[in-house]
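Structures for review follow.
What follows is a pair of complexes built around chain A, which joins chain B in one and chain C in the other.
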Partner chain A sequence: MKLVEGMSEDVTIVEAYGRLDSTTAKEFGDRLISLVQSGRGAIVVDLKNIDYISSAGFRALLITKRATTEKQAKLALCGVTGEVKRLFEIGAFTDEFLICPTQADGVGKLRQ
Partner chain B sequence: MGSASFGSDRMNEPRARPLRRLANVLGVDPWLQLMRSPPPASSRKCGELIHGLEDVPPPLVVLFQGFQHVSLVRIQLIYPALVIQLADLPTAASVNMLSLALIALGIASILQSLPRGPVGSRFLCPSCHTGIFLEPSIAALKLGGLPLVFGMTIVAGIIQAALAPVLRRIRPLLPPEIGGLVVFFVGTSIAAIGCRYLMGVGAEGPVGRDYWLVGALTLATTVALNVWGKGQARLLCAAIGMGVGYVVAMLTGVLPGDALHVLSDLPFFALPHFAHGGWSFAPSMLVPFAVAAVAITLKGIGDVTAIQRINDPEWVRTDMGSISRGALANGLANMSAGIVGTLGLTPSTASIGLQAATGVSSRVIGFAVGAILMVLAFLPSVTGSLILMPRPVMGASLLFSACFVLISGLQTITSRMLDARRTIVVGLAIASSIAAEIIPNWASHIPSALEPIVSSSIVLGTIAALLLNGLFRLGQRQRVTLALDPAAPDAPAQVDQFFDAAGRGWGARPDVMVRVAFGIKQAIETIREHCEPQGPIVVEAHFDEFNLDVKITYHGEPLELPEQRPSERAIMETDAGYRQLAGFLLRRNADRVRTSTKDGASVLEFHFEH
Partner chain C sequence: MANGPSVPSLPESSACSEVRIANTMSELARVAELVDAFGADHKLPNSVIVALNVSLDEILNNIISYGYDDTGRHDIVVRLELRRENVQVVVEDDGRPFNPLEVAPPNLRDKSREGGVGLHFVRSLTDDLKYARRDGINQLRLMKRLTE
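Presenting the complex of A and B:
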């Protein structure tokens, strides 16, 4: 698992690479929550380079969403395509998150 | 009519999309939805179909749809027309043969639509002539004239009828990549004939600027309408292109003016007569026609499967009963084609596309198509013009058709995962086919009895593929096992490698293997985290083309596979909720799941339709 962070104006972008399973979900979730707790008000998580997400990954995303809500911050996901999109669908998670096609769409949505 | 149909479309939007995609894949423009009529008040319809299989649409709709299908089917009369031209028959006899071809087509359409009994796919499934029989028919014509063409067409029909009841059992010997290969070989064969005709190779008359102009304009018109055209113009691009070719041929003299007088002499109405030269048979033609019979059977599996999907929005797997009955009907249709005196037939893929596009799949229309075709058989002036089709027009039309046949074959070949064995089967078969096509006398030292095999690109390529596939099936395991150490950090990678290798060996569908790999990785992860496994986790997978079953056996707590997803709160805050989410994903990922215990071990079974 590799995380690449960047900024687009006042929106934090986190690109995740690799597998999001029980061995990597904690590192992934901890990093996102630390960003939220450090005061980042808007975060876009790009999943286009994730090739596998398990229940552990969904749990980490749910915990991150709760943390952003508690901090009155905003979270968007993008790059949810192919197999990852299918897993979001079978897990009934597509309505649980703000999902945008691209990073730019996510940034635009969070800056509204 | 148009506004009502669009209203209906919006209501059924979620289900309409897959059929539109299918219509696009089959090359029929969704514009045809404009031709839908309002849905009847009470009928059993499937998905967004306006007139489903069992519906009886209003007579005008039946008639209009019937003519739509007939217009598509008639385009393929180019194949018998080509062979009839090569036979150099008098015009009256040639036109009579086209009339007989229409009768055979009518019989085929009715056989496929029969609602009960052992014969027929029971769908609206009009038939048409096919390039699959072109090469063997030309070879038979050269060897023994039209009687041999007709006799061997009967033999091909008998072979297909014999294959029909055992299709399910012999399916492993005819995997999809071989079906794709046969289609690809047919495409190359049609393209080769098309190029020869287009360039004037072997033409009797003068070949020069005018000849090539006719071919170029025919091809350009057809391609332009297909790429940039809309609606009917796109759907009937081949027929319109042929029409343009005829006009240019007449203007340039490629089609001599006196040839047209022959047409004006044809009566408007005439009884077709069945007196052709009889039938003959030759052992040397058996293999080429047997290969053609196998090829149309493989194509028929794809065609009838497509119709099943149109008629059943909940379609998950191929109904082999319908496919076998459809193959039997096609076999009988080919026997009747040979008896009346025409080339072999196959279900019309364009007609299937028309059903997907219009949402009209009523079986009654199949009978209407049969009746219209038979009526046209009594009107020689309507079909007579096909006999005069100039060679460059024919070449352009064949070349255009070949594009789609070639790509369809390639797509089928690459639709499955291919390991080294399957790659070699495909590669060597293509190489053999190309050798037969481009290297003259390449097999001059082979006994003359084998000449019909080695001189035909379709036959040689198909035989090579079948033999190599049979050879490589030796030692190919359909059941594979993996023992995993639950503590191994690379367990997910091991699962990926295991199923990638197994999928390639089986020639499985990549999308199904992705689902399988996810399910097993998620299961291993969950067992490791929540079930305290003792000893190895054993994964067994079994594949048989239609089913992929995976069994995971381990010593530890059984997994729970709930039908409802736990709440977000439960997932985040409790181990039970987190574990149940994994079980929920596993249940939704597979087509069927089951947990049990056996000899103190927990067993988790997944079933995937393939």
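Presenting the complex of A and C:
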């Protein structure tokens, strides 16, 4: 798993690559939480290049969402397609997150 | 380790791949690599590779996190067998008896849910699950069809 971070104006964009599973979820979650704790008010996580997400990865996403809510920050996910989309549906996670088709859509939504 | 899971003689199958890992989370990367290589070698559909990877992550995470009464090193064997119309996955561990088929399905509407989702993924992503306990070894056998 690899994370590539960028900014689009005041929105932080995190592109994740590879597997989001028991071995990588902690690093993924820790990095997102530290971004939230450091005061980033709007974060888009792009999952387009993620191969799959297991329950450990979903737990990290849920913990991140909880942290953003506590900090009154905003979180959007994008690139939820194919097998990853199917896993969101199987786990009934689709309604737990703001999911946008693309990074640009996510940035636009969070800047509203 | 003296009394690890045995590796029984292999049933007839057109291809077989196996890895023996220790009971630590970092070892799971080796299993994912085995599944990816197995999938590439046999040109398996991506949906099958994902189903096997997620299922094995859930099962092995459970075993490593909750399966042992001691803190010692234990071996876990993962074997992939390609049949004509499906892939069979066998996981063997010498942890305490645990039959995942007896775990109740989670309430997916409960937003505070923490557990149970992993096995829900396994059940949803595989076509058959069988559990056996023999000579102190848990054996879980998953079947995944190659076509929907």
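General remarks:
One rule holds for everything that comes next: the second predicted complex is superposed on the first by the 112 of 112 C-alpha atoms of A that agree within 3 Å, B and C clash if a C-alpha of one lies under 4 Å from a C-alpha of the other, contacts with A are read in each partner's own complex, and residues count from 1 in each chain.
Note that contacts are C-beta pairs under 8 Å (C-beta built on N, C-alpha and C of every residue); 3 or more make two chains touch, one makes a residue touch a chain.
Values in this document were obtained by computation on a predicted structure and should not be read as measured data.
Once the two complexes are overlaid through chain A, chain B and chain C clash, as defined at the top of the document.
When both complexes are overlaid on chain A, the residue A:74 reaches neither chain B nor chain C. When the two structures are aligned on the shared chain, A:96 is found in touch with chain B and with chain C.
By the touch criterion defined above, A:63 lies against chain B but remains apart from chain C after alignment on the C-alpha atoms of chain A.
Once both structures are placed on chain A, chain A residues 19, 21-23, 52, 54-56, 58-59, 83, 87, 90-92, 96 are touched by chain B and, in the other complex, by chain C. Those residues of chain A lying in contact with chain C across their complex are 19, 21-23, 51-56, 58-59, 82-83, 86-87, 90-92, 96. Put simply, chain B touches chain A in their complex at residues 489, 492, 514, 518, 521-522, 525-526, 528-529, 565, 568, 571-572, 578, 581-582, 584-585, 588-589.
Those residues of chain A whose C-beta lies close enough to touch chain B in the complex are 19, 21-23, 52, 54-56, 58-59, 62-63, 66, 83, 87, 90-92, 96.
On chain C, the positions that touch chain A within their shared complex are 25-26, 28-29, 32, 46-47, 50, 53-54, 57-58, 60-61, 108-109, 111, 114, 117-118, 120-121, 124-125.
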